[in-house]
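What follows is chain A paired twice: with chain B in the first complex and chain C in the second.
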Partner chain A sequence: MAGTPEEHADKKNIGIKINHLDLTVPEGITILEAAHKAGVKIPTLCHLDLHDIKMVNKTASCRVCMVELVDSKNNRNKIVPACVTKVSEGMEILTSSLRAITTRRMSVELLLSNHPNECFTCPKNRECELQALAAELGIREIRWEGERMDYPKDLSSGAIVKDSNKCIYCRRCETMCNEVQTCGILSGIGRGFDAHVGPAFNIPMVESSCTYCGQCVQVCPTAALTEVNHTDKVWEALNDPDKHVIVQTAPAIRVTIGEMFNMEPGTIVTGKLVTALKRMGFNTVFDTDFGADLTIMEEAAELIYRLNNNKTLPMLTSCCPAWVKFIEHQFPELLDIPSTCKSPHIMFGTIIKTYYAEKNGIDPDNIVIVSVMPCIAKKAETKRPELTKDEHNNVDIVVTTRELGLMIKEAGLDFESLPDSEYDKPLGETTGASVIFGTTGGVIEAAIRTAYEWITGGELKKVEFEQLRGAAGLRKATVQVGDKTLRIGIASGLGNARTLLEEIRDGKAEYEAIEIMACPGGCIAGGGQPYHHGNFEIVKKRQEAIYQEDRNKKIRKSHENSEILKLYKEYIGEPFNDTAHRLLHTHYEERERI
Partner chain B sequence: MTKPQAIDVNPSFKENLPKEKFDELDSFVNNLETTRSALIEILHKAQKIFGYLPRDVQLHIARKLGIPGAEVFGVVSFYSYFTTKPRGKHTISVCTGTACFVKGSDKIIERVKEKLGIGSNEITEDGLFTLKDVRCLGTCGMAPVMMIDDKVFGRVKEEDLDNIINSYRNKEL
Partner chain C sequence: MVEISNNKKLLRIALRNCGLLNPEDIFEYIALGGYESLGKAITQMTQDQVIDEIKKSGLRGRGGGGFPTGLKWELTKKQKSQEKFIICNADEGDPGAFMDRSILEGDPHSVLEAMAIGGYAIGARKGLIYIRAEYPLAIARLSTALQQAGENGLLGENIFGTDFSFDIYLKYGAGAFVCGEETALINSCEGKRGEPNYKPPYPVEEGYWGYPTCVNNVETFANIAPIITKGAQWFASLGTEKCKGTKVFALVGKIKNVGVIEVPMGTTLREIIYDIGGGIPGGRKFKAVQTGGPSGGVIGEANLDTPMDYDSLISIGSMMGSGGMIIMDETDNMVKIAKFYLEFTMDESCGRCTPCRIGTKRLYEILNKITSRKGTMADLDALKQLAYMVKDGSLCGLGQTAPNPVISTMKYFWDEYLAFIKDVDHPRGEGRYTAKNKIGIRS
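Presenting the complex of A and B:
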């Protein structure tokens, strides 16, 4: 609920009654907030308060939180929405009167009268807030049968599915897309019965400037916005005897996938995850952390190259494909500042289909690489033409944490009781530096750990850079590296990224290095992660777990990963050389803003 | 069953949209004291200048004001006054409100469609007419009613249609 105690500290207290109970509450809060303080639950649907990332959806469009206000003077009680009605002195509120209950129930029945009855086959089955609400309010029949929406499903992006027939017009996605991510892709369109949410001119998502960050998917209460499901492709590959199927899991998966099996948020399940993947039949189970270590080698080398040769600064990290697409659409004039490094899973895919394939005598055409990602944008990233060179896709299939969770269930594995096992060698060795890629601040900290030792030639005594950590969406810090002071900016959430980029474009601030992650909080809160249903405490626990996993690692700097060093010695040569450019770097292009 | 409002994703109309018109729109916007909350006013002006609001004009306004194209389109698609298709020189509005409907306006509009060879909200090939079906023009006593531009035709009979339409065609000769 909104409103920390400090915020209300200077507010006057007033007396109100909720369900005949006398209460003293701060002036100016909503009935919903007051009820929450009093331990009274009022059901909500469109309302969403993500205080930590400064997003509050207050469209009051669903009419599910209706309560009765007593007006004994005129003997005419009123029905009002609790989420936007503020308390006033002497207010008497009834949340469970017959009238309040029947009004709320009718609101849900009306929503359901124009909602596809396909819970059985719906991707949000058991995750849907409308479904949960119908159960909670005891809806047993839908009394009205009327006209229904009939929009085609938009699968054009290959990443996000927009199914407007399931839209209840809560407009959480619009608030997220416009106010938090500042992409402005989704807007309310049309009026009356034809009203729906979509991009400008009803263009398909693929033609819009959507970054596919998937934060709209995270907040959608129904299945109006979901990810494109690629699990069948994975099952097909696993059951094809001619294919050598290699899976890699992103840093942020090990601290979130447990939630798919009702484990405590923040439980580290790395060993169980590897066992599950092996039992599902993957030929080889690798860790994207290896790709992250490789990224650090290249990114730190690129940063040092730019610092020493008076090249464009700041350097921006490029691991996040949603962020990359954002800058291509929104700031095409700044395309020379992101690092040219491919993202870690794409780098790793390239190394598997070249170095690893050669070494093990496997035809790269028979290798299928599956990336398990916390991310929806990675699905679209793998289809970028420059990343599908030489007829080999660097990565063939991307599934999200949620999709893998469902596959593990489908495979009949009792995840919680699985024993631990280790990632496969040789490309399974990883460091603490690569684990923290999963959280905001982690990529830049990992890069600094390496850049520090390369620049100074000395050993870094304390690998933790506390000044780079935190949960705030926009952070600035300086790190002293030898005689150089590096000014560092960190943004998570595209709105915060926009603020940083505008400062850079307008010459208002100078930085040497910047880390950007599209999702508020970083990959631990990615669009493909288990639904947090608005509870950001879950994301904080995931972040703690990531740092714990870093502390658990023997090696915590990417350039000390022995398999990485071997890869450079045997195959690439020096970081940032021609071979590295050919295999591990990419380029960006200007895109239209619609 | 209802479908999304059919809005053509117009190919670039730039060749038909002269630069002078964009300049006129820009100078209007530049002379506004503030562009905050001025979107509807700007759209009205744009429709007056261009005759309609094609995609390029909407995007131009969005970029000029620094707001998302989706937001502009959201407003354009909300108000029926705004049109995203070019209008003919003359707009024929046939009332299909209750009173006119009872008096047979469904047959009137069908006959007009046949005679012009277009459907509702479409423009004739020669660019002369746009046909719209509208609700209540406020002169139910004269049902069935149709309007061409600002002129009202009451108690319209199917056999009158040729004369009415031809009188506008002949004006062009």
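Presenting the complex of A and C:
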């Protein structure tokens, strides 16, 4: 809410009045922040303060936070938005005067008068900020009715649903897409009553350069932006006796799904998650961590290959499909630097449909693989042509953390009281290295743990690389590996990725390895995760939980995963060989920038 | 362009050269004393002296707000910045307004000269003119004027041999009314969506590409050169106590003499309509005049002796605006007039903020219901409540003033609303509405 204490430290204090109460507050803060300090809550809607990732939505467009400023000198009080108006010496603020309440209520009623008001069947039912506001303000009647927006739903992307009829034009998505992600896909289109948000010329999302990172979905207060719901496909598969339905859960799910059941953010619920999935009827419950360990085997091998053979450096990790699509659209000239490794769940999907199917005598055509992901982009990823042909038809359905949460509720499971159980074997062993894939810096740390031992031939005693951790969106560090100094860049959030890639393209900085995650903070803050509703502290707790889960693991290096070693021995051979390339690697293509 | 002349109530400052010179020949402008003020300002006066002169003249912005021009210049000059800009607002989007166009077409150099003076005063090297693309003649004349001024060393490097250099560029608007609002104008100049921003920061603090920017109206600029040559005293002696100088109006509607006029501030509406405008044609009775375009309100017979200045007009529920003046006679229906203006603002809303995006639409819908004789007393309540709330809640001047035509017609022509209502429960003329909700009711 209010800025960090350091930000205000050098500011002088001023005297103001809120609701006749004298207050001393730092100069330069907004009325909203000042009221918060005074314990007065002013409702907001368009406002969103995510200063942790350098995003503050200041459009001041919803006009819900209106307060009255007393101007006794001119006897002309003013109504101003608390979210952007800064306090000044002697300011007298009334937050619940008749005029303030009236204006506030009007804004909400007007928004409702142009809203489908189909809360019962809305994907954001009970998660919608507009709905919550109507409840909080005690709206009992909509005094002004009339024409409503009537736009078709855009489901073209297969990942994000854009339902403009629910758009309240707060422009949070636009701020996120333009300022944080620097993709510039969503922006205001149309004027007056027709104003809503969409890609330029209102082209379908699929024709735009959208990466489907879903950060817009994460911040949209209503259901104007949501993920395409694939839960029914899962229910159908689970109820098809001919199908062997295998589920895999991404590293970042175990530290977030508890929030769907009102558990404390950062609660690690791995065991309950596995039990829930088993009770829902999945034939096999796997952990994408296994795929992550496999990814590390390949990525570490690829890094060493590139280092030793003077090939293109830096090598970029390629686990994040949103970021892959980003580089394809925005930096086609750099397409030779990402690792060719498929993302972990896709790698795992391939192994399940080949090795695992063969070993267990299951026809791969009867296997349905469901990935539970923190990510909306993975829905689109699985539809990429190069990942859906023949044996590579890797993953069938992707559902987000949120979708799985709803399915567990639908299944009638009391999640919090479920006992723990373990992921299925074989292919069930996982390491601490793979768990940290869920957070920014985690993939590269995991890769270094393995590359270190492979390059030096010695044992890595301290597996934590503190220099690779942290919350900043753009971080640089060096790691000494034997006689090699590896320069490492880490970016989370696509705006930071852009900065990093521009440096590389323009030759301003050199690195050996780079990790990029499209979502600010990494997969723990993915577009498919439980809504944080603007509280980034939640994301920080998820990150702590991820590192805790790493510490809990007995094995913390991917190449010590015995199931992985067995897989290479029995099926693949050496990492980065021809078989590995055929099964576990992919390629990228240049895409237009729209 | 029609011009009304030969009337002793008229006084031409901003329009001083219009119709008297060939606007495509800089030498005619120079022959009438053109660019002398610029020469005086940059060779004989300091920046502060120029600002002081404008301040003392009492000149207030003619773009509608009436903000003191000298003060705006001073505030811009005070900003510490490597770069500053001065912008001429030639968006003129009100229906029925063509004052700025008259100046730009008739005397483009008066604006260029003033922008250079302003640029010098505030410390800007670059000026922009934001002009609507629908003004091709004005654009052509400005382009010619810019070229001639450049060729003659009156714009460009080292003007009058001083170290002051100044250039002016044209930016074209697509004709959106809201782009006349200064922050929207700046967004549009930057190639962004033409919508206003929340103020503060004001353009003088953070304007074009974040640099301190002074935005002034065409007519404001047209007053500058005479103030510099003839002195602040002279200008301040004209007009009223709080509003100095003259104002240009465009007289349209049910009036005999349609056209552009310039009169001293403080001239009454009656003088304008009857003495200058020649009264209402066809022997019909005057009913009302709308000043301030869609942002203003209607003024009826009872207030015709109000002196025209910023503050008096606001006190009777209208505003000066940029100077459009539409006269209505007894055959005009005031509810329909209100609806006409509301349709305009509804269509011109940028849509950014809720009260204006949805509120003007709802106001229009209620008015439509009323004029279709389907309205009820409750609709009148809802209309009035919403009108006040849209005023209070909107982000920029467009939304904040959009309800004025409704509010003023409800105030002065309540009867005409009642005449449409099917369930009137009051005898005509008893005038006050009842409300079932307490919240939102102001008298």
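As a working rule, the second predicted complex is superposed on the first by the 591 of 594 C-alpha atoms of A that agree within 3 Å, B and C clash if a C-alpha of one lies under 4 Å from a C-alpha of the other, contacts with A are read in each partner's own complex, and residues count from 1 in each chain.
In this text, a contact is a pair of C-beta atoms (placed from the backbone, for glycine too) under 8 Å apart; a residue touches a chain by one contact, two chains touch by 3 or more.
Nothing here was measured: the structure is a model prediction, and the numbers come from that model.
Student: Touch check for A:Arg105: first (chain B), second (chain C), both, or neither?
Tutor: Only chain C; A:Arg105 stays clear of chain B.
Student: Kindly classify A:Cys62 by the partners it touches after superposition: chain B alone (first), chain C alone (second), both, or neither?
Tutor: Once the two structures are laid over each other on A, A:Cys62 reaches chain C alone.
Student: May I ask you to decide whether A:Arg593 touches chain B, chain C, both, or neither, giving the answer as first, second, both or neither?
Tutor: first
Student: On the A-aligned overlay, A:Asn114 touches which partner chain: chain B = first, chain C = second, or both, or neither?
Tutor: Touch partner of A:Asn114: chain C, not chain B.
Student: As a test of reading the superposition: which chain, chain B or chain C, is in touch with more residues of chain A?
Tutor: C
Student: Examine A:Asn178 and indicate which partner it touches, taking first as chain B and second as chain C; both and neither are also allowed.
Tutor: first
Student: Applying the touch criterion given at the start, work out whether A:Gly146 contacts chain B, chain C, both or neither, answering first, second, both or neither.
Tutor: A:Gly146 sits against chain C, while chain B stays out of touch.
Student: So in the superposed three-chain picture, is A:Thr579 touching just chain B, just chain C, both, or none of them (first/second/both/neither)?
Tutor: The answer is neither, since A:Thr579 touches no partner chain.
Student: Let me test your reading of the model: by the given contact rule, A:Ser187 touches which partner, first (chain B), second (chain C), both or neither?
Tutor: So A:Ser187 meets both chain B and chain C here.
Student: First (chain B), second (chain C), both or neither: which does A:Ala200 touch?
Tutor: first
Student: Could you list which residues of chain A make contact with chain B in one structure and with chain C in the other?
Tutor: On chain A, the residues that contact chain B in one structure and chain C in the other are 147, 187-188, 190-191, 193-194.
Student: Mind pulling up the chain B residues that touch chain A in the complex?
Tutor: 1-5, 7, 9, 55, 58-59, 62-63, 67-74, 77-79
Student: Per the contact definition, I'd like the list of chain C residues that touch chain A in the complex.
Tutor: Going by the criterion above, the answer is residues 176, 193, 195, 198, 200, 346-355, 357-362, 365-366, 382, 385-386, 389-390, 392-395, 437, 439-440.
Student: Can you name the residues of chain A that touch chain C in the complex?
Tutor: Touch list, chain A to chain C: 58-64, 66, 79, 81, 84, 86, 98-99, 101-103, 105-107, 110-111, 113-114, 143-147, 168-169, 187-188, 190-195.
Student: What residues on chain A touch chain B, complex-wise?
Tutor: Its residues touching chain B are 147-151, 164, 178, 183-191, 193-194, 196, 198-203, 207-208, 593-594.
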